[in-house]
Structures are given as C-alpha cells and as structure tokens.
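One structure follows; several queries about it will come next.
As written, the chain order gives the labels A, B, C and D, with residue 1 at the start of each chain.
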Amino acid sequence: MIQNSNQMISARISSFLKDLLGDSSGIMAIVGFAILTIFILMAIFAPLIAPYNPIQPSGNPLTPPNLHHLMGTDNMGYDVFSRFIYGSRMALIIAFIATLIAAGVGIPLGLIVGYFGGPLDRVITMIMDSVYTFPGLILAIAIAAVLGPGIINISLSIAVVYIPTYYRVIRSQVASVKNELYVESAYSIGAKTSTIIFKYILPNVLPSIIVVLSMNIADAIMTEAGLSFLGLGITPPTPDWGYDLANGQQFIISNDWWMAFFPGVAIILIVLGFSMFAEGLNEYFNPNIGEKR
Amino acid sequence: MAVLSIKNLFIEYQTKSGTVKAVEDVSFDVEENESLGIVGESGCGKSTLGTAILRLLPQNAKITGKILLDGVNLLELDNESMRKIRGKDIAMIFQDPMTSLNPIMRVRDHFFELFKVHNPDMKKNEMIKIASEALESVGVDSKRLDNYPFEFSGGMRQRVMIALSIALKPKVLIADEPTTALDVVVQEQIMQVLKNLMKTKNMSIILITHDMGIVAEMAERVAVMYAGNLVELGEIHELYNNPLHPYTRMLLESIPNIKLDDMDLKFIPGSPPDLKNPPKGCKYYPRCPFAKDICKEKDPKTKKIGNRIVKCWLYGDENE
Amino acid sequence: MRMNEETFLKVEHLRKEFDLKVSWIKAIFKGKKKTVKAVDDVSFEIKRGETLGIVGESGSGKTTLGRTVIRLIEPTSGKIIMDNTDLTKLKGDVLRKARRDFSIIFQDPMASLNPYMRIGKIVSHPLEIHNIGTKQERKEKILSLFEKFNLTPPEEFYNRFPKYLSGGQRQRVVIARALITNPKFIVADEPTAMLDVSVRSQILKLMIQVKEEFKLTYLFITHDLAGAKYICDRIGVMYLGRIIEIAKKEDIFKEPLHPYTKILMSAIPIPDPNTKREKLMPKGEIPSATNIPKGCRFHTRCPFAKDICKEQEPELRDIGGRLVACHLV
Amino acid sequence: MKTYILTRIGLSIPMILIILTIVFFVLRVLPGNPVLAMLGPKAPPSVVKAMEHQMGLDKPILVQYFDYLKDIAHGNFGQSTVTGMPVLKELMQKFPATLELTIFAMIVAVFIGIFYGTLAAYKLGSPLDVSARIYSIFVYSFPVFWFGLMLQLIFGVWLHWLPVSGESSPFMTPDPTHTGLYVVDAIINGQWDVLKDSLEHLILPSLTLGIVISSIFVRMVRANVVLTLSQQFITAARARGVKEKTVLFRHALKNALPPILTIMGLQFALLLGGAVLTEVTFSWPGIGSYLVSRIHARDFTAIQGTIVFFAIFVAIISILVDVINAWINPRVRY
C-alpha cells in the first residue's frame, strides 16, 4: 500500500514534469522562475555579492564599464553594479508589500461579493470599475504625492491601484464558477455555504489567483520604478532602479549611457521573469487544457 | 455515374502526443441524385471525412488518396481552383446553426458575398432574386433578407444555411449533423426541407449523423464508420433488415424504437479505441462478441458481397 | 396533510417565474419588467417506486420543473409534498439535511464533477456532509458501489481526477454520488443527452437496475421520447411551462390525445426504413416564454385550432383515466 | 442608436462621480495634510490656519465635498497656489500637446497591434506567431522611460537623426493656432518646415509610447482573432468559397473587433499613465509634465484639477469606444 502510494507520487511528479516540459508554456514558466530565483537570491545576499558599498563612492565619477566597475560608476562615483544588486531589494520589497495589500483586500472582497451577488455587488463593482478604468499610474502619483516617500507609503499608493484588478478577476471567476453544475451538485447533496465556497469554488479560482498575483507583482515593480523615476519614490541615496534611471537621464546627452541603461535592464529582467512565470502558469493551470471529450 | 468518388482515403492528424489516424483506407461512391448517410459514434471520423471532401481540415491534417469530383481529383487542385469549387459545386451545412452564420453580417450580405465570389458580374437585382428564391424554397420569408442572424431562431438559421448552400445549385451537399443541435419538432421540419430539396433539385446529399433514426428516414444508402474505418456500406433496407457487420448490428440494437414494444435494450460494452494507439488487427475486436483469433492479429480487408461492402473476418476467407 | 398511501410525491400548482435580467439603466429607460413563466401552474403525483417522465422541447420549462421540485430553484408558489412533508416549508439547515433523501443527476457529467476533486472524494462527500459512517466504512461502501457500476478497478478510480474518465464513466460516477446516501427520490435531468449513442442505453439500463435495488422513485426529464419509453411508467408532456397531457406510457405511445403530443410523436425518427408514417407538422415556431399566447397556449401552432382555443385556456381533464388539456378531445 | 449613446453617457456619470469622490478623499482625508505638505512641517500654526481658511479647509468635510463638486460642475477647477492662474486654463493650454502625443502613440500601437496580431493568429504556431508572442511579452517588460532614453541615445546622441526633447525647435511653432496640435495646425497653415520640425519632435516620443503599448495590443488581437477563427461561421464562409483575405479581415477580424476595442479603451488608461512618463522623459510640455512639476511645487489645487481632468478625459474615451462598438456590432444597438 505504502509502496503503491509512493509509486503514485513519483509517477505524478514525473507526469507533472513531462507536462511542464512538454510544451513551450512549461519552458516559459521554468525560465521565468529561474530569473526570479536569481533576483530573489540577489536581494537576500546583496552584501555578499555586491563588490562595493552602494552608497559610498568607490571610484571616479562617470567611469564607463570596466573590469573594476562592471557597469561603470555614476556621477557620485557609486558603483552602478552594486546599486544594480541592492536595487532588487527595494523593488521586491515594495512589490511584495503592495501585492499583499492589494490581494488581501481584493481577493476576499471579490470572493464574497461574487458569491452573494445582489445590490452590494452592483455598488462595489461600479466603484471598482471606476478605479480600474482610471489610469493607475496617475492615481498612484496622486496618492504618493499626498503620502510622501517611504516604503510603506509607496506600497500603499501602488496597492490602491491594484485592488480592483484582483477584485474584478476573482469576482467574475466566482460568478461564473458559481453557476457550474458541480456547484449546483454540491447544493443538491446538502453542502454548507462555507463548504461550497472553500471546497468547490476556491480551488477552481485558485489557479487564476496565482497567475494574477505573479502578473501583478510585475506591474507593481513597473509602477514603483515609474514613481521613483518621477521622484516620488524612495529617497536617495538608497539604491533604487527607478531613481538611478532618472538620475542617469541627464547624462544620456553626454553619451554616459550606462547609468540609465543598467537599472532599466534590471527592471526588464525582473518584470520579464514574473510575466513569463505568469504566462506559463496560466497555460498550465487552465483546467480545460488536457481535457478530452 | 458517380458524381463524387472517394478512393483509398487516409487522414492523419499530427498532434503533440502522437499521430491520430482519423480516417483509414475509406472508399465509396456518391451517385447522382442519391442521398448517402454516413453514421457512427462521435470520434469515428465521419465529420473529418465530410470536411476533408471540401479540403477544410486544419493544417495538421495529412490527407492521402483520391477525392474525385466528376473525375477530377480535388486533392491535386491548387488552392484557388479548390476555393472555386466550394459553395458552387460542393456545399456544406454544419451542426450548430447558431454559430454558422457571421453574427455581424445581414443574411443578404451572406448571399451577396457568395454570389460575388463565384460570379463577380452578377447584377444586384439578380442576386436578390436568386437569394429570395432560395430562401422561399426552404420556407423562409424573403423579406427576412435584411435581418441579422441573431434575429432568427435555431431552426430558421439552419434553413438560412441550407438556402445559402443550395443557392448556386451545387452537385453535392454535405450535411454534417444538420439537426443534432435542434429539438425534435424543429429537426423534423428541417428534415422535411431537405427531403423536398432532394425531390426538386438535382443534387446528391451526403448526410453525416450519429442518429440511426434520421438515416433510416432520409438516406437511400448508408455507410457505417467505426474508429476511422468504413465497416459496412449498403442499401438502406438491406442494411437495416440484415446488418452484416457485428458493429452495425449492435448499433441498431442499442437504439430505442418507439414503434417496437418491449424490446430489450442492448448496449455495446467498452468504448471506442484511442486513435493515437489503436489495437492491432480489427479495430472493433475488443468490443466484438464474435471476435476470433485472426481478428486480433490482422486487419480484415474490405469485401464486396453483392452490392454491399463489409469489412469483417466473419465474411470471406481468412487465408486470402 | 393526508395522502394516498401509494403517493410518494405530490406537486400542487407549482409556479416559477423568472425576472428577465435587464441592466438598471435600461430599466429606467424602458420601465416594465419582463418575466418568464418557466413553470406555470403544474400539478402532478408520483407513486412510490414509479418513474414519471417529463418530455418537452427546450424552453418548455421541464428543466426548471425538475430543479424546482427538489428546491434547487425557489418556487414562486405552490406545494411540493414528499412523503408527507411539504418541501416548500423547509428552510436552512433542515432543508440542507433533508437533501440526503433526494438528489439530482444532471445532463453534463463533466460539468457536474468538481475538476479539482478526486472521484473518491466526490462520491464520499455527501456521506461526509451528512455524517454517515466512519472513514473506513465510507470508503468500503464507495468501492463496492464502484465495483457494481463497473468502474473497475475501483481502487484506481477512487484516486483519479474526473478529466481522465470517459463520458459514460463520468455519468456513472454522478449516479454513484446521487445514490450514496440511499435517497428515496431522484430527479434525472436528461442524463443521457450528452452521451454517445452506444453509451446511452448503458446508462439507461444502469438507472433501471439501481431503481429496483435502491427502491427509488424517479422524475425523469428528457427530450428523447424513445428513451423515455424504456424507463418511464407514466409520461407528462410539457409545453411552454405547463403539462398538457399526462398518461401511462402505453397510452401515450399507442394513442396520443393532445395535438402537441401527436406532433411530438410523429417527429421522432424511427430507426427502421420499412416504417412509413403520416407526419404531422406544427405551424410556425415555439413562442417565447415571456409572451405566452392567450387561450390555449398551443393554439398558435395547432393544426386543429378552433375559435374557443384562442379564448379559453383548457384545464387538464380526466379522459378515460388520463389527463389532457385540450378543448377538442 | 441615439438612446444607446444617451444611456452610455448616463452610465458614465456615476463613474466620474466615484473617481471625483475618491480623488477628493485621497487628497483631503489621507493622513498627509496638504497645507503642511505645502508649507513644510515647521510652518507656524497661525500661517497654517490662515492658509487653511484661504483654501476653505476649515469647513466641515462634507461641505467642502459638495463645494468641490459644485465647482467642478461649473468648470471651476480652482486657482493654482503657485501661479495664481485658474487650473483649468493652464490645463487647456497643456492639453493639445498631450492629445497629440497620445493620438500618435495610439496610431502606432493600433497599427502594430492589428497587423502583427492578426497575422500571428492566422499563422498560428508559425515563426511569425512565435515572434509575436516573444515581442508582446518582451516589450511589455520595457519601462517606457527607459525605452525612451534608449531611443534618445541611439537616434539623438549616436546617429543625430532626431531631436531628443521638446515639442518643437525655437521659433518653429505654427502660427496662427487653430487646434493646438502642432502637426494639424502646421498642415492647416501650410507651414511645411514647421510640420517637418513638429513631426521630427513627435517621432521618438510617440514611437516610445506606441511600441510599449503595442505589446499588449498584439497579444490581445492575436488571442481574439484566434478565438474567432476557430468559430464555425469561419469554416462555413470557407466552405462557400470565400477568399482567405476576406475570411481573415471581413469575417474574423471584424468579429474580433468589439472585444479588442473594449480592451483598447481600457488600455487607454495605461497609455495616459505612460504618457506622463514619456512627457517627463522627452520634456514634452503636456499635462503629464505639468502634473509632475506641480507635485514638486506642492500645488495641491493643480494636482486635484489635473486628476479630475484625466478622469473626465478617460470617461469620454470610454464612451467613444462603446459607441464605435455599437456601430460595428448590431447586437449592441437594438
């Protein structure tokens, strides 16, 4: 019996891997995951990896990339590579906090409203839709302008913008799953409302929650960079990609491109990681794929 | 003389998980003015066969063999010549009338498009005249030319589809499960429309369906398909009165008949084979109560018995 | 409430009206609310151990009727008396717990199974909900049921997910789930409509077999009259929300009385090319349930309609032991 | 159709109201006090009081709220605390530049999106399709300001082909002004040298914004056309001998358009957010640059006014999108 279940687990893992590697979406998820792992490790072990202190001059200002400074130095003489590595901390921390807040509000709200429906649904949905159609970055700018700088404040400004994203996805998913025959079957066998929500509806919307989460982190990183670029983010000299990019902007004209180039590459890579991961998961989790009729 | 002649047709789909042999070595003729029924369970290849005649299969399908229309092999035509045959010489109607018309085009524009494609010089008056006649002949008021598809019920849409497909007087009409999505009463109405057409217009109909009842009422000859193979073909009365292939027999016995009293319901045990990995030998043997040793080993050849065709080891010599 | 001893289920004047969904802005502009009378004053009885078939075209309200009878849909008015209990009076937890005594089988077996639950869990869930048996007992019960339903090897099916089953196997799982609490009554809503021809009769046979074993009473909803003939004892014909004829199966098939029943009968294709029949055709198309014709609701399509049919709605009348709602019979 | 448009306008009123309300409460009720933020934390209380009185901030919050709504309804967006000018007037001056940028960016994005997306869907699984998928996922991850800087570096600094900032060279503005859109005005006036100069300035910013947004368009056009192509009426049209080009554009694309347009309308919000960043990157004198400069000047009346302005702009766009949709799709019209 035990051996049997072991076999099943190993068989399941191998079939999972086969599914995952069998097509391009699986490969995409894995590449995305690899990029993310590198950045997360970079953020955690920044002091061990970075060659210099990111907020102390370590060479002549405006040195182009060379063997000592892989990505050159900025106008203060800070090592761009070290700031590249430390910058992942700000990006990830703010994105995670913002996503946590947005998901923490949006998901339960969408679940409850989607399940019970009614007039409450109409009111909340209209509010959420209004916020959703409004340019997110501009709303975040306004909130950030009032709240002022700081990790929590910036995270909050970003979170407000993304609450409707979660709400809309979850609500519409719940509203459609609610009408599935298997939910009706659950009623017909006498299941409690809580059982129906947690055992029948939640597992069926969970995949899309995971996909939206990882897509949302990508967007949050992008928004954070935008806010910092506009001078509304983290106060210098804390290493932050958006700020460093803005700082490097003035030196583009004089062809000192590396100051702006590398932080941008960092943003692209980490956003790419999250969106590839999300895209791959999306295709993999879609329960209709592999369905034989 | 046969209008349409299918010879040794093979169709394979290349998928990620393997090759699906959807149709295997199928040959039959469609005579002038006849109605030929093709029956079988879902996944037996009957719809693939119908779509293949018009060469409308997806890219991953590989067709070999011959499809002869008046002696011309359609599989050797270039795309442009093939396109000109579709809708003009061979027309097709589909299972789901709700989705077979373009939702944002008026009925009129469906007709106009069809006429323009095959006869760019046609005048507007003439187009309206032919379209109106076609609609009236299937029982739709010609005033409804200006309507959008969503303003019609399912049955009416199927009539419009039929009108569209016969407007240019094709030689062959392929009807792929034309009534499956409809209610019985509407189904009966559509079948009457098709029967009228068969009487009045000069054309052959290939009726693809899973419903043995519809075939019995509509077709003159029947081809039975199983797992991509044509297992039996014959005149309708002969085939129903005396089915040769065990599958045909089981299929007929598993169908409820309201006219018979207290018939015992039978069913075919098991399920059709996976066409990616079909059994060796006869595809039907795992479900066949008459299976012999040779059935497991060798695929039977298609044999002619009188004017019937059957593909089974119960008939003919095992050593040939 | 006193009931005939034999009567198991008695439905009286059941109605279900749906409000048509209109966006609130449109409601302001257009004013009136439209309602769909899906079930419009339906009464019938089912005897213990009997199978009552309800046939009709799509839009006839038969599916709504089936769901309303077991309170998956709230009736607008009417009574549903099952085993001397009025189901319409039950509420909340009482209703929820009563559900172990009746269940439903849906048309689409794949959609009826939670894709993220294993088959074993799906079937044992009703037992868990109603606290029946220990974990071990539940599993044993399920495995033996699987064995009986030809879902073999049972242990393997127990751990599978629904997507790896064939259509017929899924429907057998659905039936197993419906039966696991030993209910007395089952509503079957077109249980064979989505299945392949060769599997249909298999499921029908299984349903007949378990009916004897579990001493069940069926309400069998279908558009397939030929299939209904094999499983039903009596058949009711629905048209636009109302039962227009209800009689023993033999009577209905031998001599349908209502013009609509006649039309329905003659529309069924017969798998026998030797049979030639006179075909009876209705006029026009089925009217919308938002706008049910005055008088007899079938008069707009009836080939025999007279003036009285346009004015007066016929009631179900007893004609030689069967009930028909038609002025002309 | 008329009722539909009226209905749709009616529907957007509560939407705008909700955004106005959110903006109001974000700016007034959140812990940050705008006056303190404006004057700095060390300002003497008497000065703060006087300022609050001047701005009407000492009234009860609900009174302030209704005053604010009333003012907006009358087209009064308040006076800038920095320049003393009416905010609406300042916004109207800056608006044409933003409109010009967004229109051209939208043209770039729609053009790439429709063609690349449709062809990728048609050749599903081909190298072209794979390239479209890679394009959409890769370009989507470009921060718009970084991409702008790189285009500046390549086409301005390295190649010297195009100017890297501003809306025009000195003394190269069209005169007289008709619409405020430089390109349009130059054409109306027949000032071809001005037109050339304006276009040169417009190319990099609108390409930057347009290409970044096009990533989403490509992906969604592809997805929708794939969906439509799989429908039965497409096979039915082919079965009638309809030409492939007609099948693709008249049947598939046109049917896929309503959802595409709807999402494009929603993405317009993203476009505006990107426009703010693009304007700052290219020193483009539009509303985005205005907003950012006023934030640094702590001019809260102007910030509030700008956001209200954006809200109304977004609402108008979404009405437009829905009307176009109704025009294409007979089912919406009734």
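One rule holds for everything that comes next: a contact is a pair of C-beta atoms (placed from the backbone, for glycine too) under 8 Å apart; a residue touches a chain by one contact, two chains touch by 3 or more.
This one's a predicted model, so the numbers in the text were calculated from it and none came from an experiment.
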_Chains touching both chain C and chain D_ = A, B
*Of all chain pairs, which one counts the most C-beta contacts?*
A-D
_Please identify the chain lying most centrally, where each chain is represented by the average of its Cα atoms._
A
*chain B and chain D, separation of their C-alpha mean positions in angstrom*: 53
*In whole angstrom, what separates the CA-based centres of chain A and chain C?*
48
_Taking the mean of the C-alpha atoms as each chain's centre, how many Å separate chain A from chain D?_
24
*Whole-Å distance, chain B centre to chain C centre, using C-alpha means?*
33
*Give the residues of chain C that touch two or more other chains, as numbers and ranges in rising order.*
none
_Sites on chain C touched by chain A in the complex_ = 24, 70, 72, 96-100, 103-104, 106, 108, 110-117, 125-126, 129-130, 159, 163, 167, 174, 177, 181
*Please name which positions on chain D make contact with chain A in the complex.*
14-16, 18-19, 22-23, 26-27, 30-32, 34, 37, 137-138, 140-147, 149-150, 152-153, 156-158, 164, 266, 269-270, 272-274, 276-277, 280-281, 291-292, 295-296, 303, 307, 310-311, 314, 318
*Tell me, which parts of chain B touch chain C in their complex?*
41-42, 153, 155-156, 183-189, 191-192, 210-217, 236-237, 240-241, 250-252, 254-259, 265-269, 271
*Can you check the complex and tell me which residues of chain C touch chain B?*
57-58, 166, 168, 196-202, 204-205, 223-227, 229-230, 253, 263-275, 279, 281-282, 285-286
*Mind listing the chain A positions that touch chain D in their complex?*
126-127, 129-139, 141-143, 145-148, 218, 222, 225-226, 229-232, 242, 245-246, 248-249, 252-253, 255, 257, 260-261, 263-264, 267-269, 271-272, 275-276, 279
